[in-house]
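Listed below are the structures to be examined.
Two complexes, one shared chain (chain A), two partners (chain B, chain C).
The block that comes next holds the complex of A and B.
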């Protein structure tokens, strides 16, 4: 199995498109950091207007933690696209290249092949996420140093710098889980398709579509929203509230796990019974 | 007509008497506060504002004079603009009028003197201050100040056996603008499309500052 995963990883990292994700993340992280270097004080000043009337503020709120938090906020928007570029190609890419029949003549079961392909796509997902977080922290540290983290939502939370790293640790673990759900969706669509464009666009269309419908069509599908996996893509930020909402977090974890298992089970069932014609 | 004349005379007499009563109390307090030499003190700041979640902050205050106060902290810190420092000294010193308003009893049965002050110069934007002074101990106990453009604030002072008889605790209360931010801007997608009808335009902020370890500088 390890040999199979190594082969699949070799195939992934041999393709130039694999590096699009890492390049895009490096670009986004750099641009956001530079943006905050030049305009951060003004933006923060605008957001903290209510406080500045009554309080004298002192200290460094634009720092590595704040920058990483801001960058992680885009996680649920652009990371699924980058993941689907690779995960969506894992099965359909073989069909598209006409290499499946040749591959399946080898003495390995379809289950083993699928497992190796899924784990390889998952490793890519984890690497992409870790790259994003570590680059954000390192670049933020070099440009701004460390300090307290400000989280601006419907309220303003200011988390002490020594109360922050563990939150990023858990948020990363949660991010891995939610992006695993995206990977398994992409993987499922890849098994249904004969070309790579369908699963990539399909993954993104499902995520964006469900998010828009959840937001704008609240009255229509309100009761279903707590059970959609897209509702919980940004739930990593639950680790950045003063008191953790463990009930919501547990629900988010269960929903992600349920979808991941369902997507993978369906992929295995479908692929094992599929006629390979290419 | 005679009765009216007597009433006017009585009013003038009362007002003059009140003004005379307020001045020595304030002068005595100023004399005491002006004797305060530079010192340092550790601060613990607890902020209770509806839209702000922040844990207790620690800071160090360095007092070099009423208009030369430095506050340092390793963390991000919020310090109330009004009421937490010694701006009351400036208000008292630069008063254009002070009116004695009688007395009241505190919860321990001590008699406290109420004085209304109209600052002469626009000191810290304060246009009117109601002070409650413990005449016996020569301490400011409470102040409600009205500013020109920043609403009003209330400062309550608690004392212990501190250097220069400085306060151990200051409790502040003030009105402030509530925090409003579009959910799209904050990234709080849970809040998109939902309106919080209970959210008011203004809210009350409370700050408790505890002063410990006064040391001469």
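The block that comes next holds the complex of A and C.
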């Protein structure tokens, strides 16, 4: 299995499209950091304007943690697209290139091949996420240093700098879980398709579609919203409150796990019985 | 010596929703055969080959390779088979060598580096081993396709339209390569093709299928000579010879003069008798040419 995963990873990292994700993240992180470097005071002033009357804000408020927190907010929409470029190509790309005929006529089970492909896509996902977070922290540290993190949601949390890093650690682990759900969705769509565009567009459409419906169609699908995985894509920020909402976090983890297992199970069942006509 | 049955289709059918692609197909391929799998487009050749390689599951019937079920013992049987299906598609962004290494690793080939060298040498691609496949011509891809079938020392190779997209010289080279693999390595070969000339020249046995059904199966030379064949004669005076034959016991065989050649539709065993007759009558025969070919046989079986 390790040999198969190595082969799949080799194939992934020899494709130029693989680096689109890393390039896009490097670009976003750099632009956001530079934006704050030149316009940071104004941006922060705009964000904290309403607080100035009630709080005395001092110290290094634009820092590596603030930057990483801001950048993590892109997680729920940008990262799934970048993940689907690779995960959505894992099966459909082979069908499109005609290389499935080469692979599936080898003395190896379809399940093993599929397992290797999924783990390779997952490793790519993890690397992409770690790259984004570590680049944000490093670039933010080099440009701004460290400091306290102010999180404004329904409540205001001011997290001291020595109480922040572990939160990013757990947020990263949660991000890996929620992005694994996205990876398994892309993987499922990839098994249904004969070209790579379908899974990429499909993943994006499902995530954006469900998010819009959740936001605007509350009356229509209100009871279902707590059970949609898209509801919990941005739940990494639950780690950035003074008191952790463990009940909500646990529910988010279960929903992500349930969807991941369902997507993968269906992919394996479908692909094992699929006639390869490409 | 009776040859071992290598591959057997036993009443195999494949039904898609409202389309029966393969209909109760049965045939056998024996050890050492170069077996032609013939049929017009849409006859069910590719579906049958894909079923042999377990890319498609049969709806009913059994396919066995060396006595083992392709469906139930998929990995064991595929370890004995190398295949080139339709186009020779590879990872275009990788070199020829890397493509083969990947496929060899998946197949669990021992001494992979040596094996890759050996098959690249066999197909004449050693000097292009470091070139990316996207720079290859169709002929080179086809040869690389043959190379990958041999990586894991299979006992059977299946080639689906191996001459597709090749120029005439490429087709000749491909035929020579297939015969060499069969003779030197003792590998049984199945060739699916609608290029009849190719099959006629290199196959010893064949099956012709049409609309998913087997029309005929057997030894190529026996099938082609077992019935009347069309023969053209060039004599010193074709018109006079035509009149002579029209008034003889051979009149039933005469079909006329086509392109300044006297043509007859005649059984194989009657040809020496006809030659004797013409010789005794003082007719000078300059050439005798069989026109009856696999092409006509194929058309007669599939129309």
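To be clear about the criterion, the second predicted complex is superposed on the first by the 275 of 278 C-alpha atoms of A that agree within 3 Å, B and C clash if a C-alpha of one lies under 4 Å from a C-alpha of the other, contacts with A are read in each partner's own complex, and residues count from 1 in each chain.
Convention: a residue touches a chain if its C-beta (ideal position, glycine included) is under 8 Å from a C-beta of that chain, and two chains touch if they have at least 3 such contacts.
Everything quoted here is computed from the prediction, not taken from an experiment.
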{"item": "Chain B versus chain C as contact partner of A:14, first or second or both or neither", "value": "second"}
{"item": "Touched partner set for A:140, first chain B, second chain C, both or neither", "value": "neither"}
{"item": "Contacts of A:160 with chain B and chain C, given as first, second, both or neither", "value": "first"}
{"item": "Contacts of A:199 with chain B and chain C, given as first, second, both or neither", "value": "neither"}
{"item": "Chain B versus chain C as contact partner of A:80, first or second or both or neither", "value": "neither"}
{"item": "Chain C versus chain B, contacts on chain A by residue", "value": "B"}
{"item": "Chain B versus chain C as contact partner of A:103, first or second or both or neither", "value": "second"}
{"item": "On chain A, positions contacted by chain B and by chain C", "value": "none"}
{"item": "Sites on chain A touched by chain C in the complex", "value": "3-4, 7, 10-11, 14-16, 97-99, 101-109, 273, 275-277"}
{"item": "Residues of chain B touching chain A in the complex", "value": "49-55, 71, 73, 75-82, 150, 174, 176-181, 183, 186-189, 191-193, 196, 205"}
{"item": "Chain A-facing residues of chain C, complex", "value": "50, 53-57, 74-76, 78-79, 81, 83, 85-87, 89-94, 102-103, 105-108, 148, 152"}
{"item": "Residues of chain A defined as touching chain B within the complex", "value": "47, 49-51, 53-61, 73, 147-148, 150, 152-158, 160-161, 163, 211, 215-216, 218, 234, 241-242"}
